[in-house]
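Chain lettering (A, B, C, D, E and F) follows the sequence in which the chains are written, and residue indices restart at 1 in each chain.
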Amino acid sequence: MALSHFDAQGKIKMVDVAGKETTARRAVASAKVLLSKETIEILKSKENPKGNPLEIARIAGIMAAKQTSNLIPLCHQINLSKVDVQTKIADYGVYLEAEAKTDSQTGVEMEALTAVAVAALTIYDMCKAVQKNIQITEIQLESKTGGKSDFEKN
Amino acid sequence: MALSHFDAQGKIKMVDVAGKETTARRAVASAKVLLSKETIEILKSKENPKGNPLEIARIAGIMAAKQTSNLIPLCHQINLSKVDVQTKIADYGVYLEAEAKTDSQTGVEMEALTAVAVAALTIYDMCKAVQKNIQITEIQLESKTGGKSDFEKN
Amino acid sequence: MALSHFDAQGKIKMVDVAGKETTARRAVASAKVLLSKETIEILKSKENPKGNPLEIARIAGIMAAKQTSNLIPLCHQINLSKVDVQTKIADYGVYLEAEAKTDSQTGVEMEALTAVAVAALTIYDMCKAVQKNIQITEIQLESKTGGKSDFEKN
Amino acid sequence: MALSHFDAQGKIKMVDVAGKETTARRAVASAKVLLSKETIEILKSKENPKGNPLEIARIAGIMAAKQTSNLIPLCHQINLSKVDVQTKIADYGVYLEAEAKTDSQTGVEMEALTAVAVAALTIYDMCKAVQKNIQITEIQLESKTGGKSDFEKN
Amino acid sequence: MALSHFDAQGKIKMVDVAGKETTARRAVASAKVLLSKETIEILKSKENPKGNPLEIARIAGIMAAKQTSNLIPLCHQINLSKVDVQTKIADYGVYLEAEAKTDSQTGVEMEALTAVAVAALTIYDMCKAVQKNIQITEIQLESKTGGKSDFEKN
Amino acid sequence: MALSHFDAQGKIKMVDVAGKETTARRAVASAKVLLSKETIEILKSKENPKGNPLEIARIAGIMAAKQTSNLIPLCHQINLSKVDVQTKIADYGVYLEAEAKTDSQTGVEMEALTAVAVAALTIYDMCKAVQKNIQITEIQLESKTGGKSDFEKN
């Protein structure tokens, strides 16, 4: 087994997907933002129609997914057929889950992961005035389908 | 105390920094990428002049820091006087630390956090062919100086 | 009938186009920039090979169409097979018309509308030194074909 | 009087602001989205905490303002100290108003105008499934202060 | 024969590729960075795992190729199936070669050329502190296949 | 003497300009596009008000200069007070010259060089249908002032 982004001489490379089949691909990623009880209460009180911070985070995540290939050097440009970010207030803070879909020659794990990462950073940004020691944690892949091998997190 | 990005009516807003003093500001953020022993070994074997994956991650993080205000909806545009990302292979995977500096009316926490997040995602991208259950964790602020109040993580 | 960008729970979403057929799609949009007689005269006098302001506006519109999915949060990324902006000096100012084409699973109305909007803003920018009360008006869809239902403005 | 973006030979140019004083500048722009009664009712019914379409439009406008110099060819790069977009449902559809502020050598009219234009396009995008003949109209400057001459719309 | 980007009236236009066949396309471009003996020696001494400047240039070129349609006004958006930049220290400085591939209705010459140009500019940037009279030269197409006519540089 | 972008350990870095003085800085760069007699004739015939290709190249160069820090990994974000690109048809093809100005803590050589490089690529793009062996050559700095040391090409 080998890192996919390195050629025989050890030089970095973008994987050549020219020969790969176009298939329906889907990836789901998740992340957690750890917040204090006080911050969670303030966040809940802001869940109103005039500016729910979790909705802002969702939009930021959706827009970031479309920028993935501009952020991650060796990612291919992919036209997503769908990207969505869901958020849920939990007792530890906020749980985020992103779904990315495409009909493409390569997978969309990085798009889903970028979506949750930037959505989580956006929550951080909106809460940082009330809490300095926020932590974003457990950014991970939940599942992926449509490529050479499927994956489902245990 | 209140979320800084919401006005009196509860609508989201970008903080108005027009009245704030220009000061020398600095923020340091960190993150961890949790990798298996096998992946760490492969990563170490790639630390060669022809394409060290950790160097690629560093550059991705530096470039992402300059995109912060395009990713995080309510972040101000800031011209960074410096941004750097350092990486270190640890027994759990990779430790990342980013430093952002500016002479500005507002702080650079989000720039440092965005740098480590995208650098960590780049490591994920380069290692995902050999390990499917990678986790990015503990994205957090280490310290910040130059604003209304300094912060140092305990 | 329902807003396409909201799910059953009322949360925003990007429409999932994964199941939709790839068809040849085309959209035409228009806009007007209302200018004073004096500004129109100056504009006409600048229609020379060394820097026709209407040509600059056309290019700005063409480039903006390619940025549509980065500007409009829930727009899909679309590779345009063609985008063009035409301009015409009228007695009220400037008429703009943009055409966008693609072979895709989703339509290109927003690309055509973004093209005329940014082209109009570019004309505004170049004329604002001579006239302060410029108005951009009647940004609208002229026609669209290739999707579930065609549209032709009456 | 002359178009500011043309030199003595008639060639386009970006205005040289190197010699200009840094002052506190502010611009307000507005726009209208003309919608049918039916669309307005649907829009009102969606003003809920889980995804108010007007909030999405506000964020899109704020983010677009930060992209102004990438969209309008001869605009200077400006670090905004504040940008905000307000929306209000009226009997004709939606009224939008954007405020942009900076401490800079050049004004922020184009930033405020770009913000309302893209916010209006975002409302268009979210409503286009229920109404095909939407019109964006009266994109205009409301006021500007801080430059060589102030402006207030009559 | 005619410039492809101009219509019958002499107006600029993006070529309409809607009717063109999707084929596997590939382009190779090259460039040279002319450096003094001293600069070449310093560059060679930096070819170490902690930050090979030629690796940074390669990544910059790869990322720039993905931005081609945002830089060159009349270029189509293309999803590259592969892009790679190779560098070699020569006695005159650095030789760069980029390869771009796609399955698309239009060619990838501009993507390969943009990759080598930005990679060369990145080398310039890293060497400019030690040498002021660096020259980037001979940016040219080496070969292209997959379009109406193939090309191979003599 | 040392490459400015490498630290004591040999790792890449962005130069820290936090301590540097803000001065008026200016850089001029040039490039040549080598064209056949036939292509030059076609180009000349297109110098009309409806779409002068050299004007399109100028705008592309101006817009690219504003993207410099997004293209060159270790470049600082700089707000340009002016950027201009001039073009001249010569017997060998097209001569391009770009001027970039700023009041900043760091220089604008890379902005001027990026402007001529992208303007030259744009000319390439518009002429490539009529000539396959175009060459962009002699991209170089003409002069710079305002930094630690001035430079004037011999």
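By definition in this document, contacts are C-beta pairs under 8 Å (C-beta built on N, C-alpha and C of every residue); 3 or more make two chains touch, one makes a residue touch a chain.
Quantities reported herein were computed from a predicted structural model and do not represent experimental measurements.
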## Note on the structure
Computed over C-alpha atoms, the centroid farthest from that of chain C is that of chain B
#### Entry: Chain whose mean Cα position lies farthest from chain A
F
### Task
Find the geometric centre of each of chain B and chain E from their Cα atoms only, then give the gap between the two centres in Å, rounded to an integer.
30
### Message
From the mean C-alpha coordinate of chain D to that of chain F, what's the distance rounded to whole Å?
### Response
31
### Query
Taking each chain's centre as the mean position of its Cα atoms, how many Å separate chain B from chain C?
36
### Query
Do you know which chain A residues sit against two or more other chains?
11-12, 48, 50-51, 55-56, 59-60, 63, 67, 70, 73-74, 78-79
### Every chain pair in contact, whichever chains are involved
A-B, A-C, A-D, A-E, B-D, B-E, B-F, C-D, C-E, C-F, D-F, E-F
### Query
In the complex of these two chains, what residues of chain A are touching chain B?
1-6, 9-12, 38, 42-43, 46, 48, 50-51, 53, 56, 59-60, 63-64, 67, 70-75, 109-110, 113-114, 117-118, 120-122, 124-130, 132-141, 151, 153-154
#### Entry: Complex contacts: residues of chain E adjacent to chain C
11-18, 69-70, 73-74, 76-79, 105
### Query
For the complex, which residues does chain C have touching chain E?
24, 55, 58-59, 62-63, 66-67, 78-84, 86, 101-103
#### Entry: Contact set on chain E toward chain B in their complex
47-52, 55-56, 59-60, 63
